[in-house]
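Next up, some structures in structure tokens.
Each of the next two complexes has chain A plus one more chain, namely chain B in the first and chain C in the second.
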Partner chain A sequence: MSAIEELFSLPQYSIHNDKKRALLLEELKQLTQFHYLNSIPYKNIIDNLGIRDKNKFGSIEELPYIPVRLFKTQNIKSVPDSEVIKTLTSSGTTNQQVSRIALNKETSMLQVKALASIITSYIGQQRLPMIIIDTDATIKNKSSLSARGAGLVGLSNFGRDHFFALDENMELKVDQLLAYLEKHKNEQLLLFGFTFMVWQYLYQTMKKTDTKIDLSNATLIHSGGWKKLIEQSVSNEVFKSELYKLFGMKKIYNFYGMVEQVGSIYMECEEGHLHTPNFAEIIIRDYNDWSVLPAGKKGVVQTISVLPKSYPGHSLLTEDMGTIIGIDNCPCGRKGTYFSVNGRVPKAELRGCSDTHAETVQSNGRAN
Partner chain B sequence: MKVIQYTPVNNPDADIENIVNDKFVKQKPLSPFHETSVNFLSALSKEILEYPGVKVFPELVALAFWLRRANLSSIISPFNNKIDDSEVVVPRGVAFHIAPSNVDSIFLYSWALSLLVGNLNVVRVSQTLNEQLEILLSILRELLHQKEWTEIKDRNIIFTYPRDEKINIYLSNRADVRILWGGDETIKSIRVLPSKPATKDILFADKFSYTAVDASMYSSLPDEKKIQLARNFYNDAYWFDQMACSSPRFVLFVGSEKECEASSKAYWKFLEDELMQKGKPDTLDIAMEKLVYMYESISRTELPTLPAELNSNKPTVLRVAKNEITKFRETCGGGFFFECFLNNLDELTGMVSRKDQTLGYYGFSKDELKQFASKVNGAGIDRIVPIGQALNFAPTWDGYSLLNELSKRVSVL
Partner chain C sequence: MGNLEKLKKAFSESLEIEPETITDELSYSSGNWDSIAHLALIASIETEFDIMLASDDVIDMSSFQKAKEILGKYDIKF
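Our next item is the complex of A and B:
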């Protein structure tokens, strides 16, 4: 059995750190070699970094990484156009530049498989009636999906009788929601949406009305970043307690993930910690010299995943800040590294004499 | 058409048609180098230098020194001396300035020269005021409040507004000269707007700057001179976060491979020491910017480069091959440099482009540099100055002799 097969065959979150890292390293070495041979920008980086031996890395930390922003400025992929079955793009609301991630069949299948193994470990194998806190307009064009669309399509596999709770104007379809809940009364439900949208369009709307809905038998999975909610002083704790108060909802799981490593998501556990799944790992780096930081120290998050076969995204330096909390010993029982994400790296505002014009763009960005 | 006015008074709800009205446009300009203008600028210099805590903004101190009476005289006298017996210098009239963001003090230099020749000035500054500009505007407001500067107060207005074509057209139609600090896009967008038929444009577009070091001359320097040079280079590169047009982004070592190698090593080591002494390591956002830019750069070139060391206490230096120079025309700023070894200065002539502005240097003679400038023959490079003077504003800037451009001549035969 190959390393990647073994990582997939073992139960999710069951592998002890040393064994997991050995398996990951074996696969990552091959990936590094493969992308080196098939992506010119990646080859240039490896060569120019002076890495001679693409196969001999003593640990995951020694593997080269690339900054995630490179996918915004360049078309980086390791397969010919003819093999690309879909291209994912980041939502890019505050910046005109978006990431473009080329997927071939193999990567796409691995992503689906990976996601399934993570999600089912939380909600079980059975497909549940599913409410999606979004509009179906988001997934109309399946060959070129936004990050939001890709997330929806990916997650919708785990439910049945899908109900898109928002119309195209982002208004909650309250009457239809009530009818749906009536129809699936006494059943376990799956809810999925982006954190901000769940808060703004489901929670805020329902809070203002006199109508009460009971979601105590629902599991909510949500993602998409906390920036807008932090601005409203809504932390993860507040989010969970408010949703519990209004809907009686107890099972609420946030996850951390990115369009550059779809499928490789980091789910929150009952303790509120984010967990690395079997086929992924987290490294925290010190921005002063980009060395590796130990658990407990806050730094820049590097994400490792064995899924990306069609683009060199197996080791990425993100622009998120995070802290490793521990390894193999989370009280929830899941093995592997667990961590927290503590916001984004701020955008540098280096402006020169050549920037009078850029202001409009910048202020538009901030207005978002 | 609303604008936020900063001088002579603070008025967040000003109307451009009220403040730049007929009365403003039709008032009599002061004569060139009027005593009041010179006195005002030297009073401004004094106020800046006396401002509490101004020392933390070296660029403001530099501006204040430049505005001192003695320095103004050293600019005015040579200009006056060259005026022909049959010519009289007069102001152009109304000057419309668009200032760059961030590199605030730069526009004050061109504004000061325009004020000196007697023009009426309307200045649009950036919408986001940084601390330095806030300080300058508050000092200006205070000064203009004093009765002795009424003539200056009536003739100079500073304000801001979001990008607005109507206001730009309104002001262009009243301007006799427009002083436009880039980006290129800003300049293009304003140049297409209607203006008076004879409106003259002075354009400061996007620019790129280098430093050249003669490797053998540098190697023979004693350490204290190298320390001094590092301090000077720090001022050139690190003020304005390396984002001014004149900030060096490329450092060329000129000499044999061996000499260049040794000079480069010493040069960056001494800069590193200087940075240590300043004790202001890169912040997280700048460190991230430099990392991304390093990877971005090395992903685009096949040729072996010497990868930069990424450390918040050190300059980030990426060595590129000679024939790759033209590929690296930008940096992210904040202390990110490309370096390259050349056998001689002539090798640079073929690589110069129109966008190139300042060449800082160490170890070359004035004759060598003049010869070099002749060989480049206008293909680029507007000024060649010793290391440490890259940001020193001079009355000749971007190829313009500014006092000449901002005034006009009446011939009397």
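Our next item is the complex of A and C:
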């Protein structure tokens, strides 16, 4: 069995750190070599870094990493155009350049399988009635699916009888929502949305009305950036406690992820910690000299994933700050590295499905 | 309507293709079969056969042939 097959076959979050890192390293050495041989821009970067042996790295920390921003300026890929089945674009406000990530069939399938293994470890195999806190207009333009649209569609596989709770003006369809909840009363529900939209369009709208809805039987999965909510003094703790107070909702899981590594998502656990799945790892680096920081020290997040086969995105330096909290010993029982994300590196541009949407609303005076 | 016809109907309606063009080799990411059409296809199969598919089966359903195999687990024979 190859390293990647073993990472996929073992139960999610079950692999002890030493074994996981050995499996990841074996796969990552091959990936680095593959991308070096198949992407000229990547080869040039590695050559300029003076790395001689493309497959002799002693640890994950020794692997080269490239800034995530590079995918905005160049279409960097490692497969011929004929193999590209879709190109994902990042979220971005109007005046920003967007990332373009070329996927071949293999990468796309790995992403879907990875996401499934993570999500089902949280909610089980049974597909639940699903409420999506967004408008179906987000997935109408098939030819160019945004990161937001791709995220919605990807998560939708884990639900059934999908209900898009917002209309195209981002207004909550309250009557239809009530009817949907009535139809599925006494059933477990799945809710998905981007953090800012859940807060602004579901929570704020329902808070202002006299109508009460009970979502105590729902699991909420949300993502997309906290910057806009932190500006309103809404931390993850406030978010969770307010949703509990208004809807009785107890199972709320944020996740951290990015379009450059779709499928590798870092889900929050019951303790509020973000967890690295079997096929991914994070490293925290010092903002001043890029040295590796130990647990407890805040620095720039480097994300490692074995999923990117069609573009050299297996080791990326993000523009997020984070802190490793511990390894293998989270009280929730999940193995692997767990961490927190603590905002953006200074002067980083706005990214994230939730944040860029909020920015667009503010600058246009309306949602789109 | 036999099971094969039912399955072809589900594929033909959700992928917007002619039933005659459906072969075992028809696979995900070819033609109209993208991630959005996949959701429609799953809903259509579930309605047609009155079943509920597990998440892993939704993810694994990557070709017409594979769909027949997976439905076998739900006691639907072809």
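The rule is simple: the second predicted complex is superposed on the first by the 343 of 368 C-alpha atoms of A that agree within 3 Å, B and C clash if a C-alpha of one lies under 4 Å from a C-alpha of the other, contacts with A are read in each partner's own complex, and residues count from 1 in each chain.
Here is the rule we go by: a residue touches a chain if its C-beta (ideal position, glycine included) is under 8 Å from a C-beta of that chain, and two chains touch if they have at least 3 such contacts.
These numbers were taken from a predicted model, which means no experiment stands behind them.
Colleague: Could you say whether A:His16 touches chain B, chain C, both of them, or neither, answering first, second, both or neither?
Modeller: neither
Colleague: Answer with first, second, both or neither: which of chain B and chain C does A:Arg127 touch in the superposed model?
Modeller: second
Colleague: Looking at the overlay, does A:Ser108 come into contact with chain B only (first), chain C only (second), both, or neither?
Modeller: second
Colleague: In the superposed arrangement, does chain B or chain C reach more residues of chain A?
Modeller: With both complexes superposed on chain A, more residues of chain A are touched by B.
Colleague: Go through the superposed model and pick first if A:Gly154 touches only chain B, second if only chain C, both, or neither.
Modeller: In the superposition, A:Gly154 contacts chain C only.
Colleague: Can you list the residues on chain B that touch chain A in the complex?
Modeller: So the residues of chain B in touch with chain A come to 98-103, 106, 126-128, 162-163, 181-186, 189, 204, 206-207, 240-245, 247, 281-282, 284-289, 291-292, 295-296, 298-302, 304-305, 307, 310-313, 332-334.
Colleague: Which stretch or stretches of chain A touch chain B in the complex?
Modeller: 40-42, 44-45, 47-50, 66-67, 69-70, 73-74, 76, 287-290, 300, 317, 319, 345-360, 363
Colleague: Using the touch definition up top, name the residues of chain A that touch chain C in the complex.
Modeller: Residue list for chain A touching chain C: 85-86, 105, 108-109, 112-113, 116, 119-120, 125-127, 139, 142, 145, 150, 153-154, 156-158, 160, 162.
Colleague: Okay, in this complex, where on chain C does chain A touch?
Modeller: Touching chain A: residues 29, 34-36, 38-39, 42-43, 46, 52-56, 58-59, 62 of chain C.
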